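Below, chain A partners chain B and then partners chain C, in two separate complexes.
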Partner chain A sequence: MNKMEKALHELAEMDELAAGTSPIHGLCAPAKLLTTIAYIAVVLSFGKYQLSGLIVMVLYPVLLFQISGVSVGSFFYKLRIVLPLVMAVGLFNPIFDRRILIQIGTVGVSGGVISMLTLMIKGVFCLMASYLLMATTPIDVLCAALRKFHLPATLVTLLLLTYRYIGVMTEELAVMTEAYALRAPGQKGIHVSAWGSFLGQLLLRSMDRAEELYNSMLLRGYHQHFHYAPVKKCTGKDAAFFLGCTACFLLLRFVDLAQLLGSLFVR
Partner chain B sequence: MIEFKHVDFSYEKDRPVLRDLSFRIEKGESVGLIGANGAGKSTVMKLLLGLLSPTSGEILVDGVRVEKKTLPEIRRKLGFVLQNSDNQMFMPTVYEDMIFAPLNYGLSREAAEQRVDAVLQKLGLQELKHRHNHRISGGEKRMAAIATILAMEPEAVLMDEPSSALDPYNRRLVINTIRELKQTKLITSHDLDMILDTCERVILLSGGSIAADGPAEVILRDRALLEAHRMELPFCLAGRA
Partner chain C sequence: MHMADALLAPAVAATMYVASGTAAGISIHKLKKEDDPAKLPTMAVTAALVFAGQMINYTIPGTGSSGHMCGGMLLSALLGPQAGFLSMVVILTIQCLLFGDGGLMALGANIWNMAFYGCFVGYYLIWRPIMQGKLFAGMGAKAGQRARIILASILGCVITLQLGAFSVVIETSLSGITELPFGAFLALMQPIHLAIGLVEGLITAAVLVFVYESRPELLRDVDTSDKAVSAKRSLKATIAILAVVVLVVGGGLSLLASGNPDGLEWALFGNAEEGYSENMGLDEESFGVSSAAADTAGAIQEKTALLPDYAFPESESAVGTSFSGVVGSALVAGVAVLICLAGGFFRKKKAGA
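Up next, the complex of A and B:
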């Protein structure tokens, strides 16, 4: 299996993951969507030096990973390309902010280092929450939930079709890279001289495929209106999940649990 | 049911693909559209489905002219099975793909689901219902693609190379399924054995016009005619003709 086929397999796995049967999968999509938005909003609201308070926010993804049965390893593996980019955010903070904020033994930790760590952790937490939402909710159910919140139909359809288009493009890329590798044995990757024509061909081929798919939709009565899967009616359990989680997020936002526990032990 | 009247078509000026094409297919007929590569078979299908517009002439389905404003009505009557099932099955599961058309045509989810179940049962594919499209084999995918079209309850079924890239078992399965369909059928294929098995009439296209039109048993036994148009006798007849 080449790299592209692996990527395709991983993409398809997301659909299978989302079709799981855990209690988290069973929650209604709007509740999960709102909870994720609340979580991301709270995480992003932490100040740049509030590292200890922020760290405790890991509880939500950890609990969700546990209950949903989605593997943490799969998160780090699937997002292995995005994660370094997220981690790179704030890499220059230690250069610009050298003010020593805390002293660990004889080592002084500057504000830049703390703000860098805060930014990195915020990024990872937000990615974790989004990944968990995607891994526990099928894409069309998620889109249906977005429509429930009156997001424009065009935008939601665009989101859904883009998600599908990634698969089509990856399929074409898999075929092309395999054909290339078979005629360039011993060569690692695609030679720079072929990049231009390769990308051009990829675009043309995936556009052709996308057009065929679109025609296939048109021939089966599609007329700019997608019939999403029915959204499960939200019950008291879903409301309790959303309200409970949001209350916990707010509590963790305004009460620095890590510092509180730390001060108890230090005394 | 389907009528082409003096249809001309070209993708580029001065390079006609179809020239003065006229034929008529009656309700319930099974017609095989054969011809060498580039003869214009796929173009005929695309014109019929309104994916292309003829340069001149007219195409009628049940007496209704194929044009922009009649496309929804026309497409509701015609079910098209694509050559590449991957292009037809774009939803995550077989069920979601099958229910796509009935929902678009205004059926309630319950009614659409009943129809999906009925088609799956008829084709003996119940086991595929909740399978993910990327997890099923090529043969299963082709059968599922036919099922998605039958869920539309079309009046005519158009098929582009339905037996291509299938192993003998799955090919036979597809042929048997096609034979049992009651709808009008228009099938393009290079698999002349399959055409002989499923169609009573054959239209042989060559250079964009009709070279022969008649009973499959007659045309597909005519070695000279077939060879004159870059084709061969079906394998099952090769030794006996």
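Up next, the complex of A and C:
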């Protein structure tokens, strides 16, 4: 299986996940979208030394992973490309910020280490939240929700069409690279001399395809905008989810639960 | 160049969202005015193509490394800046949502860094002036056109990627989350993206020349008639525009990269602090001369000495200081594990029933 096929596989996996039937999948998309945005905003607003306050925020993704039945392993698999990047930038913090902030036994922990950990945890939490949103919401439902928030129809339609066409184009590409690899064994990637014609050929093909696509859309009555299948209406339950979650986020932002809990046991 | 959420402060992320949102709004408005509904599927398919194209790695001969394309210049040469920009917006959104490439909050910044420069700056300041100019006119109509495409692609990709990388550095520094000194970060980012930009420029040029050979009518601002190119802008004007761009970009960047990172850092961070506002008024020249490019190490040391004055919050609010915070965090972790165990337990029960 080459890289393109793997990507296709991952896309299909997301679609399958999103088609689940857990209580989280059952919530309406606007509520989930707003809650995700609220969560990310609150997580990002923590200061760079507020590690203990930030850690409490893990409860939201953990609960959601559990209720929705989405596997945590699949999330970390997806994160494998992004995580090193976040860590690489945070790595410099311990070097430049050496003031000791905590003493654990005889070991002093510097501010740089704490801010590095905070940075990494923030990155992971934010990714978890958006991953959970995508894994519990099909893309067309999400697009319908975006329309509800009055995002321009052009943009939303483009998003939906592009998403649908990524699969098709990737498949095409998979076939082309496979054919290329078979004719050029032992060669990594595509040789310089074939760059232009390879991508160019794909481009021309896709342009033709776009024309056909548009014609067939016209034949089926397309007129400037899509009609989305009736989406589940938002009920009191959805509003309660959004308001409850946001209230909890704000509470956890301003009251350090970890600190409170700890002070029950330690003086 | 995709930035993660954790790198950005909410205020910076929101500002970038507003900036990118405005550009997107203007683009949508312009497209609506053009009223060409057939364009939408074309945009979608080209966006999908660029998305797929980003997945192939090209071997870079001689180095053993590989690169992939980004696509802003390619899209705006084919679709025009507005449609190209919107396509890039969609590509970046899908990458962020489905592949975790770049954060949801950082999306605004990512759109600005990768789509805005590539499409608007790349098109209006580089692609169009070069294509409408008379550069290489002596080589004959077709060869001249080809040379112009190659020049515009390479120049466009290099300059727009440099601008993008520069923006990444500014946004990260303004957020103040990493301790990376501005100058050092800049010195890391710009050369790397110079190489990437060159490769991308070559790829873009190769693709566009191929398109020009087989279907020239698909390209923007390319004269498809076989007659001599009718120039709306003279060679002089084109060169003048290019010179200004190169001067601003090249001169500006090199000045910032090698001049005095300290001074800029102060200007960026020190605004709110009383003590530093005076420093901003310092004579720039005497300041710059004393801190040469080679003295970066010294500059960094100087900065670490300065950092505690403004970067550290009062220890009262630094909750990480106390031991009870550590214990509490451990308790929360325990609760999280319990939730996981409970969830697994209930699900197994359900499966068993």
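General remarks:
Keep in mind that, in the parts below, the second predicted complex is superposed on the first by the 205 of 267 C-alpha atoms of A that agree within 3 Å, B and C clash if a C-alpha of one lies under 4 Å from a C-alpha of the other, contacts with A are read in each partner's own complex, and residues count from 1 in each chain.
Definition applied: a residue touches a chain if its C-beta (ideal position, glycine included) is under 8 Å from a C-beta of that chain, and two chains touch if they have at least 3 such contacts.
Note that the coordinates shown come from a computational prediction; the quantities given were computed from them, not determined experimentally.
After overlaying the two complexes on the shared chain, residue contacts for A:Pro138 are found with chain B alone; chain C is out of touch.
Touch criterion not met for A:Ala181: it reaches neither chain B nor chain C.
In the superposition on chain A, A:Glu16 makes contact with chain B only, while chain C stays out of contact range. Here chain B and chain C are compared by how many residues of chain A each touches, and C touches more. Of the two partner chains, neither chain B nor chain C is touched by A:Leu243. Shared-chain residue A:Leu219: touches chain B; no touch with chain C. Contact with both chain B and chain C is seen for A:Arg209 once the two complexes are overlaid on the shared chain.
Common to the chain B and chain C interfaces on chain A are residues 164, 209, 213, 217, 223. Those residues of chain A whose C-beta lies close enough to touch chain B in the complex are 8, 12, 15-16, 19, 138-140, 164, 171, 209, 212-213, 215-223, 225, 227, 229-230. Those residues of chain C that touch chain A in the complex are listed here as 2, 4-10, 13, 24-25, 28, 31-32, 37-38, 40-49, 51-53, 55-59, 61, 66, 78, 86-87, 89-91, 93-94, 96-101, 103-105, 172, 177-181, 202-203, 205-207, 209-211, 214-215, 218, 300, 303-304, 307-308, 311-313, 315, 317-329, 331-333, 335-336, 339-340, 342-343, 347. Residue ranges on chain B touching chain A, taken from their complex, read 49, 51, 72, 75-76, 78-80, 82, 84, 86-88, 90-92, 96, 100-101, 103-105, 109, 132, 134-135, 148-149, 152. Touching chain C in their complex are the following residues of chain A: 3-4, 7, 10-11, 14, 36-37, 40-41, 43-45, 47-53, 55-56, 58-59, 62-63, 65-67, 69, 78-79, 81-82, 85-86, 89-90, 92-93, 95-99, 101-102, 104, 111-112, 114-115, 119-120, 122-123, 126-127, 129-131, 133-134, 152, 154-155, 157-159, 161-166, 168-170, 172-173, 177, 187-192, 195-197, 199-204, 206-207, 209-211, 213-214, 217, 223-224, 256-263, 265-267.
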